[in-house]
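Common to both upcoming complexes is subunit A, partnered first by subunit B, then by subunit C.
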Partner chain A sequence: MQVTRRQFFKLSAGGLATSTLAMLGMLPQNALADVRSYKLLRATETRNTCPYCSVGCGILMYSLGDGAKNAKSTIFHIEGDPDHPVNRGALCPKGAGLVDFVHSENRLKHPEVREPGGKEWKRISWEEAFERIARHMKQDRDAHFVEKNADGVTVNRWLTTGMLCASASSNETGWLSQKFVRSLGMLAVDNQARV
Partner chain B sequence: MTNHWVDIRNANIIVVMGGNSAEAHPVGFRWVIEAKTRNKAKLIVIDPRFTRTASVADHYAPIRTGTDIAFLSGVIRYLLQTGKYNKEYTLAYTNAALLVNPDFQFSEGLFSGYDEATRKYDKATWSYQLDDQGFARRDDTLQDPRCVLNLLKAHVARYTPEMVERICGTPKETFLMVCEHLAGTAAPDRTTSFLYALGWTQHSIGSQNIRTMAMVQLLLGNMGMVGGGVNALRGHSNIQGLTDIGLLSTSLPGYLTLPSEKETDLAAHLAKYTSKPLADGQMNYWQNYPKFFVSLMKSFWGDNASSDNNWGYDWLPKWDKGYDVLQYFEMMSQGKVNGYLCQGFNPVASFPNKNKIVASLSQLKFLVIIDPLVTDTSTFWKNHGEQNDVKTEQIQTEVFRLPTTCFAEEDGAIINSGRWLQWHWKGADAPGEAIADVEILAGIFVKLKALYAKEGGAYPEPIMKLSWAYANPMEPKPEELAKEMNGKALADLPDPKEPGKFLARKGELLPGFALLQADGSTSSGCWIFTGSWTQAGNQMARRDNTDTGFGNTPAWAWAWPANRRILYNRASARPDGTPWDPARQLIKWNGEKWVGSDVPDYKLDEPPGSAMAPFIMQAEGLGRLFALDKMAEGPFPEHYEPFESPIGTNPLHPKVVSNPAARVFKGDLADMGKADAYPYAATTYRLTEHFHYWTKNVRLNAILQPEQFVEIGEALAKEKGINHGDMVKVSSKRGYIKAKAVVTKRIKPLTVDGKTVHHVGIPIHWGYEGVAKKGFIANTLTPFVGDANTQTPEFKSFLVNVEKL
Partner chain C sequence: MNIRIVPIDRLEAGVEPSPAPNWLQPHPATLYAARAARLRALSAHHPMADYLGFAADLVTAQARRLAARPLTPPEELAGLVSRCAEHGMPPLAPAGWRGRLPWQDDLDALLSTIACKPLPEALQAAVNRLAQASRSEREAWASALLAGDSAAGGVAVAPFLWAALSLNWSQLAAAIDGRLQADPGADRSVCPVCAAPPVASVVRLGAEPGHRYLHCSLCESEWHVVRAQCSCCSSSRDLGYWSLDSVEAAVKAESCGDCHSYLKVLYQDKDVAVEPVADDLASLALDWHVEEQGFASSGQNPFLFVQ
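Let's look at the complex of A and B:
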């Protein structure tokens, strides 16, 4: 009986005990000799899309953590999705390094501020960040909002603050960004499609 | 892409020009190889460098950077002069036979209507001759000298193979060989697929580069065909989506336009954008503009938008000009901007003339960085030695840095180049206190709204009226936002054909944009996405990869518009409905309606032989060889030199050297270099192992390509005494970088206008932040000028000097 690795995981996830499968001869030859069970057996498989170029390769992310309240899940392996009609399981050298992006030592972890003229970052709370940013934006908007142009036409625009939006963010983020910027009256709005 | 990744395998000829898909889109490129091995396709690469794409090509044509229009105009001349184009397609499906305004003309590099003082055209003469019904006049005998085809023939007559060689540096024989290959696909059963990327867009003539190729495809009859099309290989994973959602200065979702201050009320705006037909019997789909616009307003403002207040028209900001990033950084450099939000964007590395960008950011009062990673922009105020030599204590900008989730830590959809909306799922929590972008936007917005409610302030109405009907206002869910974009019925929508029945009941998600209404009874945040999340569920999450023919997988994810995979597919059949190529019939008429392996791009019950032409978004239904007033610099493409030209002249018209309609700010014009001090043509690009400025934060990629380098040819290296591995200084008028020299056979000198031109290749991926070795920002060198239509900067053609260190 031929069982591919993926089918095997499906079977396992279906509740069959690993040892039983092994006894049935469905495991790779040396499985019984292994002291530790395969990490992938306990992994959760999640489907995602590579965030780099626009080919949109399907990826499978494997994480540990069973969803229990105190068990924080962590992704330890990412590979191409063999079912995906474009990449059919393949990834390029960029996509092959994705797990190192997720765990990059340069991931930001806390809200921070660099004060005017300051030399260092200072950690702040989300509440303080939202409070201070909203205050800045309101002050600037109230001081510089243009309700009418020189001809008396209603224009309702705010030109002294702008926003760059992220072409790696999801459509859903993009839509909320569109609502956010236009309701405030911003016109200096662009994303990477501009460049 | 008009087509999609897998469809590339169906092409007979594949041209990669203005791109390098083997390195920049490696997995998509497998379909090129598939075409070669399974379909005996020929791959042709036209590029200044012998790239990895070129290394597996059947033919390679070298070309000087920034001269693609001359090359492709030469191709058009060849096709028209030899008669090797699809004449039936061209006559029936393009505007070749339509008559042009008698006052339209072109002379000495300028089209009619140019105003030198404003560098803009009055486009009144860039129009058709109209009959008394307002329809374009046409001459199907193609004898009238004012028909588009004859004007085009005259326009491209100057682009002889000799002129192409003189401008592009491409040997005449190589050029003619490419022409012959392309001409072979004028046959109805053969197609060319063009693959391009930022190598075409990032020029002061970028839009016209693409347009010239699109004209070639129309003449060859390759639009709408399996294995044909215009295929933009986009640069980022969701740059398609952000474009579709209209996150550009003067755009709104679904290619609607944000009103300008000239449209003083809703009626004026709708009158301007509601398309009027230019020929009888056309679908003229933009006649539906009001339905899409009003549905968008209902999504923006919810119940607050009503016919009494023009659906909240006054609440939208009105523009006087575009505030694209070049315009905005110019304003910032003059101290006219106070605040800036950077969401997943690294302008210090990504925008031209890095020193101007840093000086501009230093003028801000506050800067908000929203990103999963450390970016060079977030620490622009730090002194990084030569790589960022600033005086920290003098920079008074308050900088906030807010950590976000990355792709792996959120649900949502992104759109690939083939217009597929693919849903993805969260696999783990974000590190530390990082939260999703939408939570950050919500956090700021809810706070702002509370401040306006409490204190009042400048025009609070749009903030107070914005629809924010999320279960948790601080945490809008991707599902809620996706459904909001799809749109729903706000009232029962009766079926006009069957009284008593309904197309949708109140509150239901809509199955398609045909149901959208202009009377406020429907909402949709992005009309082209309508159908992506319906009563039947999330269509973007579908995972059936069944091939229904030609590699089409319509049940995998969902493509806009209407899950259509090949745009303009009505053009895959003749006017009488018979396929151009019986072996790749995409859609067919079954006696009652159009059916096939793709969703027909046409009125479903419009029989073959009718007057309705296949390009249904156009007012005359035709592909435009003559672009009317849609382009800034002319209805026909014309070769203009890069703003920094190694030959300093334009062999076609020395008085008009560069794009006459491009916007250049005064200070930036002074910052343009000339060939006497900066003699080498430079271009920037990506490497296989890196993605922009992200992967310098990623250990594996940093190991694969750890150190910054530039590429120079052996001839130039010999001239300058530079050896492989030497450190060199590369300078433009705007600054310098230092990097290792890679001396390569892949870049050869070209003879252009009697001079030898060397290219210098500059990969972009380094900076002063990251886990890779620190490097210089490549965009320190690039010029601050953009395409006249899009303002996309001219990163791909500029001048440098190279010195051994």
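Let's look at the complex of A and C:
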């Protein structure tokens, strides 16, 4: 926090009575009479990165609510961040529609599975999802892991499974993805969702 | 890590121009007329109609004085801007200009224009007090006022003093041939041209769409400060954007949970006619509500001084 040369003033609480307005005899009796009839609203502006693609455009998200425990915050507007060096306030049609994506009824909010041959998507728990993914990965890796190539050189690679990661990732997330994927011998990894 | 006005002929070659200009120089020739018009428009059906009307009269007097007797920029201006650029200092900081500007003549002109029509008693008393004060007395009041002390001369005469001073400073700022260059992280809380506090900030349309500028209370410059960041302490941890009745309002108060201050933000995309001084003055109801939430104003309106 910087120390500034800006003074802080209380204008209305007692301040008005000794202000220019009062001293010039122009503080009307009803100057603040109607203030209580207004409803005070609080919004928040939050910086974030668009999740759609690897360009990584900066966005400003406007939400209602102050983050208090019992108040539910809702995003009501999203726009390009004019101060962001990548997009300088601009957004593509997908980015411009972000607020509808946030509130979409079709938005995926929990893990689902469609069994082989099945037609219905079925909701499962996160625990169950992790277990299933881990089991599939292990089965496939045990069956197809390549330790040595035709010349007998150790290669330790796993070519039958790949991983697609999020586009709006930080450096740290990218580092973690790389560590995880390479430690399993997986070669097919894409951290740039071209959707 | 400083911020400075650099003369055009000394701009470093090869420096990429920033996408939005850091500094919007004032245009006194249009500024005062637009402000007076906005004040009159806002005064209709307003509880403070009389005061907004008086403010419009004083701004109109500024416009007339500007047209009748524009300031000839002093010869030392270019040299001073150049020296200040070297040391990262605001070239129009009031301390460097004491006694060098004809603001007292402008003040007399403003007072006689205002006194043309019959004035309420208290207003007339303030005009008389200034008209009868000696030049050295007025100089002392002005120095105190520019240093943030409105009590020396009294808050009743402050708007007149400020109007005359500001008329000089805005013309000086308009006469500078330079650009604003800032190192990353430089302090942008006060005006980089004259070190005065802002009136309010404006999110602009036009050539700088969506960029936020702080509007100087003294020299009428506007300087860029990124959005979603406290204009006073640079924190972005706990900002609130307060408005009355609608979140789409053109006038909001940006409050900071770290330094507990607020400054109004005006959105040109919500109302293209917003004007920093006029809209800040006409939205006292918002000040009242935001102060109830525990915040204090960090701006200075040229028509509202408190002791």
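Structural remarks
Operating definition for what follows: the second predicted complex is superposed on the first by the 109 of 195 C-alpha atoms of A that agree within 3 Å, B and C clash if a C-alpha of one lies under 4 Å from a C-alpha of the other, contacts with A are read in each partner's own complex, and residues count from 1 in each chain.
Heads up, the rule we're going with is that contacts are C-beta pairs under 8 Å (C-beta built on N, C-alpha and C of every residue); 3 or more make two chains touch, one makes a residue touch a chain.
Nothing here was measured: the structure is a model prediction, and the numbers come from that model.
When the shared chain is aligned, subunit B and subunit C each come close enough to touch A:Arg47.
When subunit A is checked against subunit B and against subunit C, the one touching more of its residues turns out to be B.
Of the two partner chains placed around the shared chain by superposition, subunit B is the only one that A:Ser73 touches, whereas subunit C remains out of contact.
In the superposition on chain A, contact is made by A:Asp140 with subunit B only, not with subunit C.
By the touch criterion defined above, A:Asp83 reaches both subunit B and subunit C.
In the superposed model, A:Lys39 makes contact with subunit C only, not with subunit B. Legend: residue contacts after superposition of the two complexes on their common chain; A:Pro93 is shown touching subunit B, with no touch to subunit C. Residue overlap on subunit A between its contacts with subunit B in one complex and with subunit C in the other: 44, 46-47, 80, 83. Partner subunit C is touched in their complex by these residues of subunit A: 1-2, 4-13, 15-16, 18-21, 23-28, 30-35, 38-47, 60, 62, 64, 66, 76, 79-83, 88-89. Across the interface of their complex, subunit A is touched by residues 19-20, 47-48, 50-51, 54, 120-123, 126, 148, 154-156, 158-159, 187, 189-190, 195, 197, 208-212, 226-228, 232-236, 239-247, 252, 258-261, 284-285, 287-293, 296-300, 303-307 of subunit C.
Taken together, the subunit A residues at the contact with subunit B in this complex read 44, 46-58, 61, 63, 65, 72-75, 78, 80, 83-87, 90-98, 100-102, 104-119, 121, 126, 129-138, 140-145, 147, 149, 153-195.
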